[in-house]
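In the two complexes that follow, subunit A is the common piece, with subunit B as its partner first and subunit C second.
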Partner chain A sequence: MKFNTFPGGVHPPEEKELSEHCAFERMPAPSMVVLPLSQHLGKQANPLVAKRAAVVQGEVIAEADGFISAPVHSPITGTVKSIGRESNSSGYMKEALVIVPAEAAEGEEIPDPVMMPPLNPDSATVEEIRARVKAAGIVGQGGAAFPTFVKLTPPEGKTIDTVILNGCECEPYLTRDDRFMLERPEAIVSGLKLIMRALGVSKGVIGIENNKPQAIASMEKAVATQNGLSVCALQTKYPQGAEKMLIKAVNGREVPPGRLPLDVGVVIQNIGTAVAIHDAVAKGEPSITAAVTVTGRGIRNPKNLIIPIGTPISDVIAFCGGLTDDAAKVVVGGPMMGVAQHDLNAPIMKATSGIVVLTHDEVRKQEETACLRCGKCVDACPLHLMPTRLARLAQLNMVEEAERLSITVCMECGSCAFTCPANIPLVQWLRLGKQRVIHLQRSRKNTAA
Partner chain B sequence: MSSVTVTEAPTGSELLLSTSPHLHSRWTTKQIMWFVVLALVPCVISAVVYFGFYQLVVVATAVVFAVGTEALIQSLMKKPVTVTDGSAVITGLLLGLIVPPNFSLVFTALGSVFSIAIGKMVFGGLGFNIFNPALVGRAFLQAAFPVAITTWTIPHFAVDAVSKATPLAALKFDHVATGLSPLFVGNVGGSLGETSAIAVLLGGIFLLVTGVANWRIPAAMITGVIVFGGGLWLLDPAAPDPVFHLFAGGFLFAAMFMATDMVTSPVTGTGMWIYGLGISLVLVLIRVYGGLPEGVMYSILFMNAFVPLINRYTQPRIFGEGQA
Partner chain C sequence: MDLNILIAIATMGGLGFIFAGALAIADKKLRVEENPLIGQVNDVLPGANCGACGKAGCYDFAVNVVEGTMAPNGCPVGGQEVANDVAALLGIEAGEAVKIVARVLCRGGNIEAARKLVEYRGPQSCATMDLVSGGSKQCQYGCMGGGDCVDVCTFNAIHLNENGLPVVIDELCTGCGMCVKACPRSIIELHPADREVFVFCKSHDDPKTSKDVCEVACSGCGICARKSDGGVIIENGLAVIQWDNFDPDKIPFDKCKSSAICFLRDGFAEHQAEVAAAAAEMSPEQSN
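So, the complex of A and B:
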């Protein structure tokens, strides 16, 4: 059987077997949660509570500020301990609320969590779905954490004909979406149908890499009786789950540089997002947990977990048996695009998909040599850039030439640096080059204005 | 619950930090280079089998002087000595395998020194040279010692005197064709490592299967020789036929080991095809119309010069560009 895919890409070791058999477990509430006001792309949320305020699980503690923003809800019942700058898993210090759980004093009862009223997912209207997704503070689970409500409210004049659910999970190690597809296929289908209704689309495709045969079977069974829904099995290749690559593989369309999937009539949502949408609509649950794969050879007991947002990474690691003696690097996200952590007090956020602990053996630094001009990076780049040339231009500060060769198209997937035999940190150079080009474009705009 | 408490987790200072990606393929520069060295072993063996043990001394001389020259220049320039990366070993091996049997050791050494010093180090070392260093050395020897470099020895198992000249020279100057079977096993006159197609293919296929050599370049060269060589042969049956082109002289050796040199070949897929086809076109023209019986060295050096230009004009279409 031939599976669809895209040209280019790489085949990193998959390493799914470490955690793919681990059913989701719920992690108990921690002794403290740290809730960054910006757990999404866009404007930071406005805090609604002050220091020492009592908050209830599910309560809105920060409201969305503007169109591209998202509210934050408290994952626990307790007291606001502080509001200030805390480190997050992207390596920045950002404004955050710290909440400690309430201890039930004698004669007092801890109040019940506040939930939104459940809606019937089969009859919820377009307005109800959008309002609920917005109120629940759902953000994209694929990594970018773009507010989902915005994606369900396309600008006037755009025709969308297909919704693609991204079940590729092309990042090595991660098995969270795989587990969702095995454990909650009905919720995924329900979430997909809600997305399709909100967008007025009749065609829904679930794209899954063929290294997850059980997930493919599970989803095929779930869509069998549904009109307009189908499963598309895709070749296992990184970065199959990148939006542009997924659309290319599913229906052959190419999103032009600088444009969005909706410019080619497609909206993509992650598997985890579909589940969150279903839970928000059918159960009234706000976005107060994250589904996270905790894995890697550096962690004693890999698990797939449902974790209250704000839980410090160190608590999660301890819950999974702690780090092994040869643990070397803690990555939040997948190993290809995730962020290495320097501070394990950083919290789990809404879009956290994985904690991958790599060992010394796996991250041993290889010696960097001169570029051999082997062309492996050019073959690997899924966007057909010339990484070696662009990295060189970034090094030489030849910003205009880098701009001419479309450096800003780069999505930093890391395929080039993965494949480079000379061990050149290509992504690092490309990031620098992109920053310089963006800076140049800004100053140009300022001069023109 | 776990037995490990939170406080036992490592603190930030013990954790490694770097930007993504955090995984890396198994390839390193060193590994690629030593794979090429390994792939050249069958050719060294065939040289010894057909032309005698002395050829091993020639190859060893070439390697020692190549590595020594690189180490000497790097230490004189107070740069890190990187000869363990294997690239100088390859240059030495390649040069040693493209000289005639029983070649002078002094000339071999001179060729090696020239290869590394002028072909590679003056450009800045590995990754920066424009021309294939071994071919630069060979071109130097051709210019400096034209007689020695075209004096061919009968291979051990030769059945007739015709084998004394190379098959290409026999055809060009004496109008004597050589059968395909001796060409294939290597029982013909020619440079040390080039005569046995079996040995060359053994190493070449190893490089292609492991992905060390990009398949497009040999594919383009073979296609080119069949198209251009075949075209001329159809126009003029006196010209060598394409199959003879393929197996005679250093063509296969060059297609597998010389043209596929990463540093001096294009980085784009289209570029590799243009480069390979270009080599074959120049090669066929030299072989059929030129004054030299063999042209593979000059055709590669010629196309090496165009690589930066080819890279520039074959930049791939960026994903999604030109779409509505």
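So, the complex of A and C:
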């Protein structure tokens, strides 16, 4: 059987077997939560509570500031301990609220969590769905953490005909979307239908890589009775789950550089986002937990967990039996695009999808040599860029030439660096180049204005 | 065979004559008169083509000076000497060229600044370190020690010392400002060479954090600002010198717990000695 895919890409070891059989477990509330005000792309949320204020689980503690922003809800009932700069999985300290759980004093009762009133997912109107997704503070679970409500409110004049649910989970190690598809297929279908209703679309496709046969079977069963929904099995290849690659594989459309899926009539949502939308509408739950795969050979008991947001990574690791003796590197996200951590006090955030702990052997430093001009990176790049040349231009600070060769199109998927036999840290240079080009473009705009 | 060679020589030679003739005519007919002064001024300039004057290179500067759009003392590299020469050529006043040098305003080297649990791995460049949580030191404002400033200096005026901090050699520094632009953390500033006191810290961290991450961080306590009559102000947790009304005599240097505000030379000599001692104490395996 031939499976759809895109040109380019790489085949990193999948490593899914470490955690794919582990059913989701709920992690108990930790002894402290750290809630960054910016857990999404866009403007940081505005805190609504002061130090020492009492907060209830589910209460809005920071409101969205502007259109592209998202509110933050408290995952526990307790007291605000401080507001200030705290560790963050991005590697830099970020503004955050710290909340400690309330101790029930004599004769006092801990107030019940506040939830939003449940709606019937079969009859919720477009406005109701959008308002709920916005109020629940849901952000994209695919990595970029883009506020979901914005994606459900397309600008006037754009015609959308397809919603694709991204069930590729092309990052090695991660199994959380896989588990969702096995454990909650109805919630996923319900979430997908809500997204389709909000966008006025009648066609929904769930794209799944063919290394997850059980998930494909489970979802095929769930969509069998539904009109307009289908499952599309895709070849297992990294980065199959990148938006542009997924669209190319599912319906053959090509998103031009610098454009969005919206421009070819497609909206993509992640499996986890669909579940979150269903829970927000049908159960009234705000976005206060994250579904996270904790895995890797450096962790004693790999698990798939539902974790209250704000839980420090160190607590999560302890819950999974702690680190093994040869653990060397803790990565938040997947091993291809995730961020290596230097401080395990950093909290789990809304869009955290995985914690991967690698061992010394796995992160052995490879000697970097000069570029062999082998062209492997050029073949691997799914966006048809020339990584070796772009990286060199970034290194030499030749910003304009890098701009001309479309460096800003790079999505930092890491396929090029993965395949490079000379071990050149291509993505790091590419990121630098992109940053410089963006600065240049901004200063150009400023001088023009 | 012989004939072929002769034909080739004749053709090439003939072409040479024709083009030489064309060039000779063009030189007579199409000549653009250039002000000879431009060439003369260009000859006395350092020829570094560094762009520190703000022009595309030395020749461009010469054109501008001759046209009167720039002052003769506009070349920071050449200093007073070149300014005088240029002025003499043009027959105008040179104006005073103040010597400007680069100052590195962070003293949190490998010894003073706390390190992260894990080491940074990747290109040893401050620009790339800054993209991934900022290298191996905990301070988010301080020098990362990757030496981008050293790499860009065409005058070899800046180098990293054994403590991993950049040091400027005043005699070589021309104040061109390339290092200022290269530093992603904006740690280097240009100052008149005769300024003696600086706040050697750029950290806006709160007092506790700054103390935790670096021994020589400014905590923003404000002791130095209190009696300074506006010579020092505290801005967002950091002491900032206001050069217009700064008087070093009003600063209680010994009260600054971390010596973040101190004299360039005194502080530095002492500091260097400490660094050397500490470096000697560090066992070889530790420093590896």
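In this text, the second predicted complex is superposed on the first by the 449 of 449 C-alpha atoms of A that agree within 3 Å, B and C clash if a C-alpha of one lies under 4 Å from a C-alpha of the other, contacts with A are read in each partner's own complex, and residues count from 1 in each chain.
FYI, contacts are C-beta pairs under 8 Å (C-beta built on N, C-alpha and C of every residue); 3 or more make two chains touch, one makes a residue touch a chain.
Keep in mind that this is a model prediction, so the values were computed, not measured.
Chemist: Just subunit B (first), just subunit C (second), both, or neither: which does A:Ala340 touch?
Modeler: It touches subunit B and subunit C both.
Chemist: Just checking: does A:Pro213 make contact with subunit B only, subunit C only, both, or neither of them? Give me first, second, both or neither.
Modeler: neither
Chemist: Just checking: does A:Lys329 make contact with subunit B only, subunit C only, both, or neither of them? Give me first, second, both or neither.
Modeler: A:Lys329 contacts both subunit B and subunit C.
Chemist: Is A:Gly200 touching the first partner subunit B, the second partner subunit C, both, or neither of them?
Modeler: neither
Chemist: Quick one: classify A:Gln435 as touching subunit B (first), subunit C (second), both or neither.
Modeler: second
Chemist: Touch check for A:Pro111: first (subunit B), second (subunit C), both, or neither?
Modeler: A:Pro111: touches no partner chain.
Chemist: Could you look at A:Pro425 and tell me whether it touches subunit B, subunit C, both or neither (first, second, both, neither)?
Modeler: both
Chemist: Could you say whether A:Ala417 touches subunit B, subunit C, both of them, or neither, answering first, second, both or neither?
Modeler: First partner only.
Chemist: For A:Gly252, is the partner it touches subunit B (first), subunit C (second), both, or none of the two (neither)?
Modeler: Neither partner.
Chemist: Given the superposition on chain A, which partner contacts more residues in subunit A: subunit B or subunit C?
Modeler: Counting contacted residues of subunit A, the larger count belongs to B.
Chemist: Where on subunit A do the contacts with subunit B and the contacts with subunit C coincide?
Modeler: 329, 339-344, 425, 428, 431
Chemist: Once bound in the complex, which stretches of subunit A touch subunit B?
Modeler: Residues 10, 12-13, 172, 244, 248, 253-257, 259, 264, 300-301, 312, 314-315, 317-323, 327-331, 335-344, 356, 358, 362-363, 366-367, 369-376, 378-379, 382-386, 388-389, 405-406, 409, 412, 414, 417-423, 425, 427-428, 431.
Chemist: Using the touch definition up top, name the residues of subunit C that touch subunit A in the complex.
Modeler: My answer: residues 116-118, 121-123, 125, 127-128, 131-134, 140, 205-206, 209.
Chemist: Hey, which residues of subunit A end up touching subunit C in the complex?
Modeler: 84-85, 90-93, 329, 339-344, 365, 395, 425, 428-429, 431-432, 435
Chemist: Under the definition above, what is the set of subunit B residues touching subunit A in their complex?
Modeler: Contact set of subunit B toward subunit A: 1-6, 8-12, 15-25, 27-32, 82, 85, 125-128, 214, 262-269, 272, 311, 315-324.
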